[in-house]
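Each in structure tokens, the structures are laid out below.
Both complexes below contain subunit A, partnered by subunit B and then by subunit C.
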Partner chain A sequence: MTIQFNKETFRDDYSFRNSDWAIKRFPFPFHEDSYMYSVNMEQHRGGPEGSVYEKRFDVDEHYVSEMQDRALVLADDPLRCQSLPHMTLAGWDTLELIMVSKSEDYPDLFELDRDGDRWRWINKPMGIDHTFTFLDETTLPCGPLEYITRQAQGDFAVLDQRNDMLYMDAGMVTTQADWSLDFDIGMDFFEWHAPVPLAHEMGIFKRALKFLLNIQQGAPARRLNWTMTVNPLLDTSPENYHKWGVQKATLTPDNIGAKQHLRVELQTFYRLPRSNALLFPIRCYLIAFQDIVTIPKWGRRLHRVVRDLPEELADYKGFIDNRPLMLDYLSKFDDGLPTSAGVWPDLDTEPPLSK
Partner chain B sequence: MSKFQFPESIRSRPVYGTLEPRPGKAHLMIADAEGAEALIDLAAQDADLIHAAHIIYIPKNTGETYVEKLRALAPAQLYVGPSYEASVPRIRRVLSDAHMGLQIYLAGTEGLMGQAMNEAMHAGIPHSAVQTEHRGSVARRMQCVHCKGITEDVMTDPFVCSHCGLNLFVRDHYSRRLAAFQGVCVDAEDPGNVPEPVELYK
Partner chain C sequence: MSAAPQKTKAGAEKIDVTVSAVVKLNALVTRFEFTRTDGKEFPPFSAGAHTVVEMNDDGRTRLNPYSLMSDPADPTIYAISVRRDDAGRGGSLFMHNNVNVGDRMTLSYPVNLFPLDLRGRKHVFLAGGIGITPFMAMIAHLERISAPWEMHYACRSKELGSYVDELTGKYPSKVHVYFDDQDQKLPLEDLLDGQPLGTHVYVCGPKGMINWVHSTAAAHGWPEEHVHSEEFLAPQPGKPFEVRLCKSDITIQVGENESLLEAIERCGVEAPFLCRGGACGQCETDVVEADGTFDHRDHWLDDEEHASGKKIMPCVSRFVGKTLVLDR
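Let's look at the complex of A and B:
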């Protein structure tokens, strides 16, 4: 399959759009008509053909534009990519994992030729053809983590493992759901999750940590997380919150379908071979409400989830003020019919909207 | 003076204890303002410990209140400095000489303890091995997440960033690396709608 890369923006005029292909493969995160936290981990060993789960690092129509947006964010604020001194080897591990995976999974887009430690990397969509020496930083224009994550969609947290604990010791973070790498770098697993309500009391993080500490090489895992974003803004950072926060107050009944986006994170977890660090890619997918409701099952279900979400979660996810407006819009796409189990669109079997 | 009981909070917020004598080959004590009282209480439990200690003390607004009392404890070394910043080269020098068996005791404001803790961590000492005791002001050291500037001794929520001038609310989310709490724009979604500042913990 050849991907047609969109020319689009995630800021200013927000020309970001999802094609019909991208809508149907969207990682809809709700497997039932309600939502609560859970340690919703599963193995990351492929998925249905064409789905975002199929490849190790999904590449889609937004790839080139997302990488341009990342470059803009980094030019504004280089602190979005940081690596504590002991994490350089994990950066090389990350570079290797992504280059090997992409060249194997997308041979028409990426090539990697390895002759000992002389590596030639070709990234056709971005027009890169670069020969360098593996594990020699002087042969790259920047650190290995920054180099490869300027060419891979999604944020990347690199977690050091010691004392039966994970530490957020490196990362590339430009498409985040309102957390700051610069503030959180060096924190342990419980500390960087400290602001999350309810989940600590539910034991979620203790169980998640136990699971993550035991992830083995070659056996990656994945889960979904979600929030809401007004406008297709990738960089919903705390750093720039004083600039984008006001956009949350621009929703009206007329523009909500186009402006309000469901933001889904496909989180994956890979054990890295040399450093024993854990690579935590957090891939962000955005979809406008008006595109979600073209899938009848998703329209019905999203209404029910948003309606029934506990106050604390709606507040933490930052949409409590806009919830009434969202429900007015979404209720038009909920006819009360039951929905099929699971996340898939089930277009052939679910009835059309009867309202 | 009674000790302030901090309300229960989130996992990144530091929790302070009560200093107790611990066996060690050397003892480094860093305190500011009313933190001196914690050292005096420690001396009451084990005077010999203080005789072997290096005390670094920044009186801040307490002036001479505690200086002579500390001198009377007869520490091996006593430094009284005009500001925390001024004491940092000395702290680094002492830590660079440190050997296994050094005990560190921090007492006073959160800002002092946080920054001194950071120096100890840079010297390779795990934060969990350092004792702390809060005394005195409950003011906080805040980092503006927007401009990255640090505002010292914040007493109200919200407050004005001393660098970029944004109105920030005071979060409990705390970074040991920065020795600061996080301040986030309070009127981002409704510019100009800034709540009246309220004194912390009131």
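Let's look at the complex of A and C:
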């Protein structure tokens, strides 16, 4: 498949758009009409053809524009990419994993030729043709983690594993849902999750940590997470809250369909072979409410989920003030009909909106 | 999530291999080298990792973990060294007596429960006997990145000192060997003293040695996180016992020479596992009912959990008594 890359922005005039193809393959995160936390892990070994789960690192129509946005964020704030000194090997692991995966999964877009430690990497969408020496940092323009994650969609947290604990010791974080690598760097798993409500009491993090410590080489895992974002902003960081926080107050009944976005993270987990670190790619997908409701099942379900979400979660996810406005809008797309189980659009079997 | 959550598979991913070399090192230890049967390269691994070797012993499946001791930078072979244990349950004897060059076997993907702490400014290795194996890979890795290390290796005698000549020949100033039969003692207190800040110590050997290193280092004020150990427990034989698996709705017998986990697998019930040596925690199983005494032999559960009688690690632990019902 050849992808037509969008010319679009995630700031200023917000020209970001999802094509019909991107809407139908959107990773809708709700498998039933309500939502509560769970350690909702499954193996990351492919998925239905064309879905975002199919490839190890999904490449879509937003690839080039997302990489341009990342470059802008880094130019303003180089601390969005950090790697503690002992994490360089994990950076090479990450580079190897992404280059091998992308060249195998998208041979028309990426090529990797390896002759011993001499590697040639061709990234056609970004116009890169680079020959370097694997494990020799002096042959790259920047560290291996920064080099490859400037060419891969989504954020990347690289977690060192020591003494039955994970530590946030490296990462590239420019498309985040309000957390900061610069703040979290060096923290352990419980420290960086401290702000999350309810889940600690439910024992979620203890179980999640146990699961993650046991992720094995060759057996990656995945889960989804979600939140809400006004305007298609990739960079909703604490560092820039003063810029995007105020935009939440610009929603009106007239513009909510276009401005309010569901933000979904496809989180994957890979054991890195050479360093034994854990790679945690967090890929952000955005979709406007007016695009979600073109899928009748998703329109019905999103209304019910937003309506019934516990206060603490609506507050933590940052949309409690806008919830009444969202419900006014979404209720127009909920006719009360039952919905089919699972996350897929089921366009052929689910009835059209009857109201 | 996207679809119904998939069940976690029992054990790690597998690789079909062909035995490419069998090298007898001494009266007790033999090295086995493997290449991939499909001709591809092995996945890279991190020093300290082990693989679980699957043996087909006349229809009976044996699964034994062994440290990978080849150079992690060499993707063409994986190598292990196996010490013959005449009193064991037969896995090492099978390797020694029945495995030949050209045989096809199955290995698991590498699993690392004994990684280097890559923050270490210096790495000190303490090996006892066959505990030398993970350090062979660690040394290869550290030499490649020019990181400082030293090794202290205790073995029974010159004849039984696996890789002693190779190591002392290549790294004469870094490797120190102590032979029991010459009354040479590993000078633990002296060598712990005066190490630079940021040094990490790693010990692999018999249980007594591991405990000795941990307690001596603690007494000398070493931070716990700077002292690393790995001890693979081989499941020990014991009296046969009966277990009810309530989820599977069957009652099974655990034989004298098999582990509880092996008995569960033999009866066709899939149970999670990784290390099969009481260390990784993967096979942790809830006890529904028990009337008798547990023989806990794992490193995973803490003392409180052992005393509670609510959990068991079936890869190494056993049970003596009237009734045992597991949530499996």
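Quick note on the criterion: the second predicted complex is superposed on the first by the 355 of 355 C-alpha atoms of A that agree within 3 Å, B and C clash if a C-alpha of one lies under 4 Å from a C-alpha of the other, contacts with A are read in each partner's own complex, and residues count from 1 in each chain.
The definition used in the following text is that a contact is a pair of C-beta atoms (placed from the backbone, for glycine too) under 8 Å apart; a residue touches a chain by one contact, two chains touch by 3 or more.
What you are looking at is a predicted structure, and each value in this text was computed from that prediction instead of being measured.
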**Request:** Could you tell me if A:L347 is touching subunit B, subunit C, both of them or neither one (first, second, both, neither)?
**Result:** neither
**Prompt:** Taking the superposition as given, does A:D182 touch the first partner, subunit B, the second, subunit C, both, or neither?
**Reply:** first
**Asked** Taking the superposition as given, does A:H193 touch the first partner, subunit B, the second, subunit C, both, or neither?
**Response** first
**Prompt:** So, does A:H31 touch the first partner subunit B, the second partner subunit C, both, or neither?
**Reply:** second
**Request:** Could you look at A:G47 and tell me whether it touches subunit B, subunit C, both or neither (first, second, both, neither)?
**Result:** second
**Message:** Which partner chains sit in contact with A:N214 here, subunit B, subunit C, both or neither? Use first/second/both/neither.
**Reply:** second
**Footprint of subunit C on subunit A - complex, ascending** = 27, 31, 40-43, 47, 51, 53, 85-87, 89, 96, 160-163, 210, 214, 216-219, 222-224, 273-276, 342-343
**Request:** Would you pull the subunit B residues touching subunit A in the complex into a rising list?
**Result:** 10-13, 143, 145-146, 148, 166, 171-173, 175-178, 182, 184-185, 188-191
**Request:** Name, in rising order, each residue of subunit C that touches subunit A in their complex.
**Result:** 1-6, 8-9, 12-13, 43-46, 48-49, 72, 109-112, 115, 117-119, 145, 225, 274, 280-282
**Fill in**
So, in the complex, the side of subunit A touching subunit B is made of residues 79, 180, 182-187, 190-195, 200, 238-246, 248-249, 321
